Amino acid sequence: MRTTIRASLIFLHTALMAVSPAAAAETVKIGFITSLSGPAGIIGKHMKDSVELALDHLGRKVGGLDVEIIYGDDQRKPDVGKQLADEMLKKHRVHFVSGIIWSNVMLAVAPTVTQAGTFMIGTNAGPHELAGKMCNELFFTTSWQNDQTPEAMGKYMQDQGIRDVYAMAPNYAAGKDMISGFKRYFKGRVVDEVYTKLGQQDYQAEISQIRAAHPKAVFVFYPGDMGIQFVKQYVQAGLREQIPLYSVYTIDEVTLPALKEVAVGIFETRYWSPDLKNEANQKYIGDFRKKFGYTPSFYGTQSYDGILLIDSAVRAVKGDLSNRKGMIAAMRKADYKSTRGTYTYNVNHFPIQNFYLLKTVKGAGGEVEMQIQKTVFENHKDAYYQDCGMKW
Amino acid sequence: MILLVLEQTLNGLQYGVMLLLMAAGLTLVFGIMNLVNLAHGSLYMVGAYLATGFYQWTGSFLASVALALAATLVVGIVVEVVALRTLYERDHLDQVLATFGLILFFNELIAIVWGRAALYSSLPGWLSGHMQVLPGVRYPVYRALVILVGLVVAALLYLMVTRTRLGMLIRAGASNRTMVAALGVNIRLLYTVVFGVGAALAGLAGLIAGPIYAVQPGMGEQILIQVFVVIVIGGIGSIRGAVVGAVIVGMVDTLGRAFLKPVLSIVLSPSAADTAGPALASMLIYMLMAAVLAVRPQGLFPVR
Amino acid sequence: MGEPLLEVRGLTKSFGGLIATDRMDLDVTEGETHAVIGPNGAGKTTLLSQLSGDLRPDAGLIRFVGEDITHLGAPARSMRGLARSFQITSIFKDFTALDNVALAVQAHAGSSFRFWRPARRERALREPALEVLRTVGLAERSELMAANLAHGEQRQLEIAMALATRPRMLLLDEPVAGMGLDESQRMIRFLQSLKGRQTILLVEHDMDAVFALADRISVMVYGRIIASGRPEEVRVNPEVRQAYLGEDTLL
Amino acid sequence: MARSPRALTLAAGVLMLALVPVAAELLDQPFYVDLFRRIMIFAIAALSLDLILGYGGMVSFGHAAYLGIGAYAVGVLTHHGIANGYLQWSLAILGSALVALAIGAVSIRTSGVYFIMITLAFTQMLYYLGISIEEYGGDDGMRLAVRSQFPGLLDLRNATAFYYLVLGILLLFLLLGQRLVDARFGMVIRAARSNEPRARAIGFSPYRYKLTAFVISGAMCGLAGALLVNQTEYLTPEFMHWTRSGEIMFMVILGGIGTLMGPVLGAAVFLLLEDVLSAWTVHWQIILGPFLVLVVLFAKKGLIGLVPDEAAPGG
């Protein structure tokens, strides 16, 4: 043991070792970074619970090897995420870094990880940089590129012949991306584009403006608590019945328990839904509910898929974790049972997948849930893959 | 257009009322105990959670309001006795830091008890409709009720401070605490009562906010900073300042959000207005505060 | 007697309804020790605060060495040679006695925008400071924290700080307040030693001190000077006796 | 001085920090170079805050603003293809100084809670400004394409070289800080903190001195921001979030307000604690919160107060 020889330095080592690195070559180490504290911690919980379920389903082995997961709480701060990544790479010597909710944290972390020669398996954030110019052979995602979801909504509303849409989003980069993604496919008139303060609570002023503008439909992107507040206030103002509400990343299984019947009748687009009829999804949903007692969200499925993707890669190289080329080739096949059904990878390692129109409805048991109405896109590619120089 | 301006003015007033309920307690506690309480937002959060919890438990909105108010009062008193009492004699720096610590504690405690997910909170049917304020102006009943509650609370506060013995003690305590002590008033008890009242007001704001906003850990901080802007503009420790400040901030924020962009697009190109409008709207109240303090370093209604 | 050193004309200050200084006139001549006396609440400290620049008068004129200083702040007046002591001891408690005085010296010894050389090693600050401490009799206590000095010593320190600014005129607000008999005797003796060399405007309650020190006395009642003159004149002034009815015995 | 316990602590601390890269190398744990570099960067920020907080009595609740300005100076220049570190860091210092001058000019006219709140408000303004500027990534921020370049001097991509640069800057600031607070200038701001009416009465106009201190402090913190963005290789308005200001403030109090070593110690303990606690439980804030309260209530002198000091007067 090296450490016994340098006894004088042990204090430094042990004092800071939160998790002891009983490094053995036969253990797959995965660092999973997400937001666990603060208001966003609920998303992190969905993700973490799904990772644990994936490991249960794999018999606590990944690719046949023992597995060690190190969770990190990025507190939604890019610099903390970056520090965690450094810690996982240099201290824990992980083979894969996974997770990450936020685009900004992802943009800080992903290059750090891939430059170190380690795999980055994104399970939520899909910033366009990583889909285009900054694409990397060590970066894969099990989610989507940010623009794809609003593109699907734009396409649907265009196809429906809806004109005069009022568009709203928080005033930050993702908000603007969402609206521009929407407009990529929606060619009708946009009555107004309104950007509200990030983290805003009260939307009554904006709602009055909407009513005065007399649009035919409203399209919004309000993730998390902003969505809960906007939708509640929209419905309380009596607008739901007058002007239909179409949204992305606003109504989901994280916000639905806080909204319930308030959200009924609102449309979303998404690549996944709890009622997707495939074996992997039904097993995931069923076991998840049994183990954790709540309905998982797409944040969860992506994280679940992420672990399965890693499993498929390690399995393909028969546990030889030094065989990066082999693992890249394996992952490109997306050869695992994804909760969304089968999909393929684009050249930039972003999924080519279906997008559906979902509607919030009161289910048979009186529970409010989201159901697929129709398929908007089949095998949809993101808008940035041509900027990616990878060839395979 | 005029109707829209009117409606937005109403919205501004309603938002101002929400701010006032928070600001009144905060400024009361500052004026009398000289305590900067960042954890005031936590009491707001506690109020919202308790009201939501009681509503689910009792099924009666009014009962949940009463229970939550009483419970927040108790929580406030407990916090005062356990943690804050020792802070009165400390400087503002200590107060800011200790109550910052309390924020972390409360947010995490709520997350442990209720989970991190936002709670489901709704309105009873009789409050969820809307009413015709003027021909062509429909306004949610609940929001109108909020305005009403705010005006009643403002009036009650005014009466309490100017007409009652407690109010007299409060005013005396604010200007001369040794004198009050010499009169034989139990100053500790007075402080506890005042803090409890402030907490109950924050709780009231929280339980009102519950059905409109998201009930989740950390909800208090989102409004807290704006409330500080209110009391700083009004003059810390002044109830009158809190009222005026709340209305000003509510109006400026609401009207800024509604009309800044259209107004800017008259002078700027549409795309420039698109960018500058929301950016300016989100900074507006802070600019207002800086401007007020540049001219009047003690706020609009200085107390001492 | 030439031009007065300090000239006050029509000075007025009110707080809400309460008039603290009411169209007041006052002259202080170079070299004299001038005491302002008056019953509690007559507005003496308010007067001093207006003279030192800590309070802004509502109306009136203050002229010092021929210059109108009515609108100058406290630091600027200090620079022109007005130094005050406070009724409630006001010192830098977490500095040593010597630091306190050295700071006063520093304020009048060139720019303080100096960022490198330790001020505590500047002999040009420390030596004059120590000299002043010696004059007030605090030399042995110079390295003590000001907070740890006895009350009387703190009062002495305050005078020392005022003196260290090399003022043309001292404004003293009840220098012997709260002192024991011994201490106040020592303080009075010390102030007597300044007489003639230093112009002093003294606000004081202790009549022993006033009559021991003052060349002239002005009596202030309800914000106005009702009588002014040499001590023996003031002592027999019927208006003054009227105002001090309850305190007859003192006079 | 040389034999006082604090001087020994300082020497031991410096020695330990100097040995971190060596130890990390020997233990094959390069992560600690990153961690301690981050700690030292926050130590610089905390130190700069303590100059005005501990010595000047100005409770700035918006110090994260300068961290942000410094970071944006580097990030924006890099974005426009200017990677020259001398230029970038000069801009970081100058820009922060100018912003501090503007904020200070208004804020220092106020006092007490008003000062706390107005510094907070200015930082909120800058935070929302950062979020709104799409060109520089808005809320997302943007990646730093390359670290600041110092041709002929050193390469920041080299973790150890970067580490020693930060250590050098920290030591330089400790020295500068020590000279500053003991010099005439420092005596004035400390005197004004101790008793402002008295300081005015002996002839000081505290405003100019306080404003100067505020600007110096902002400039120092701006350099910390430039270092932080190089450390993170990522620019984000998050650097200016108000809780960040609170954290820096906590570092100062935790370590010991009104001392120079205190903030350094505070930064180290705070960040290590955060690292260890958050790895241990997701509910780490329920421990950190009451810990903060207890420190404020019962350890007024901070951790440095545990180390005896010869009766250093004036503070």
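Per-chain numbering from 1; labels A, B, C and D assigned in written order.
Basically, a contact is a pair of C-beta atoms (placed from the backbone, for glycine too) under 8 Å apart; a residue touches a chain by one contact, two chains touch by 3 or more.
Keep in mind the model is a prediction, meaning the values are calculated, not measured.
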item	value
Chain whose Cα centroid lies at the greatest distance from that of chain A	C
Chain nearest the overall Cα centroid	D
Averaged-CA centre spacing for the pair chain B and chain A, given as whole angstrom	35
Intercentroid distance (Cα basis), chain D paired with chain B, Å	32
Separation of chain A from chain C, taking each centre as the mean of its C-alpha atoms, in whole Å	73
Residues within chain A bordering two or more other chains	37, 41, 171, 197-198
Shared interface positions of chain B, touching two or more other chains	107-108, 111, 278-279, 282
Residues within chain D bordering two or more other chains	128, 131-132, 134, 283, 285
Pairwise touch network: line, ring, star, complete, or other	other
Chains that touch, pairwise	A-B, A-D, B-D, C-D
For the chain A and chain D complex, residues of the former touching the latter	2-3, 6, 9, 12-13, 16, 18-19, 36-37, 41, 44, 72-73, 75-79, 82-83, 86-87, 89-91, 103-104, 107-108, 111-112, 127, 129, 134, 171-174, 176, 197-198
Residues of chain D that touch chain C when the two form their complex	179-180, 182-188, 190-191, 194-195, 197-205, 209, 212, 311, 313-315
Complex interface listing, chain B residues touching chain D	30, 36, 83, 86-87, 90, 92-94, 96-98, 100-109, 111-112, 225, 228-229, 232, 236, 275, 278-279, 282-283, 286-287, 289-290, 293-294, 297-299
Interface residues, chain D side, partner chain A - complex	20, 23, 26-32, 34-35, 38, 128, 131-132, 134, 137-143, 228, 231-234, 236, 238-239, 272, 275-276, 278-280, 282-285
Residue ranges of chain C in contact with chain D within the complex	52-54, 73-76, 78-79, 83-84, 86, 90-96, 99, 103-104, 106-108, 111-120, 122, 145, 161-162, 164-165
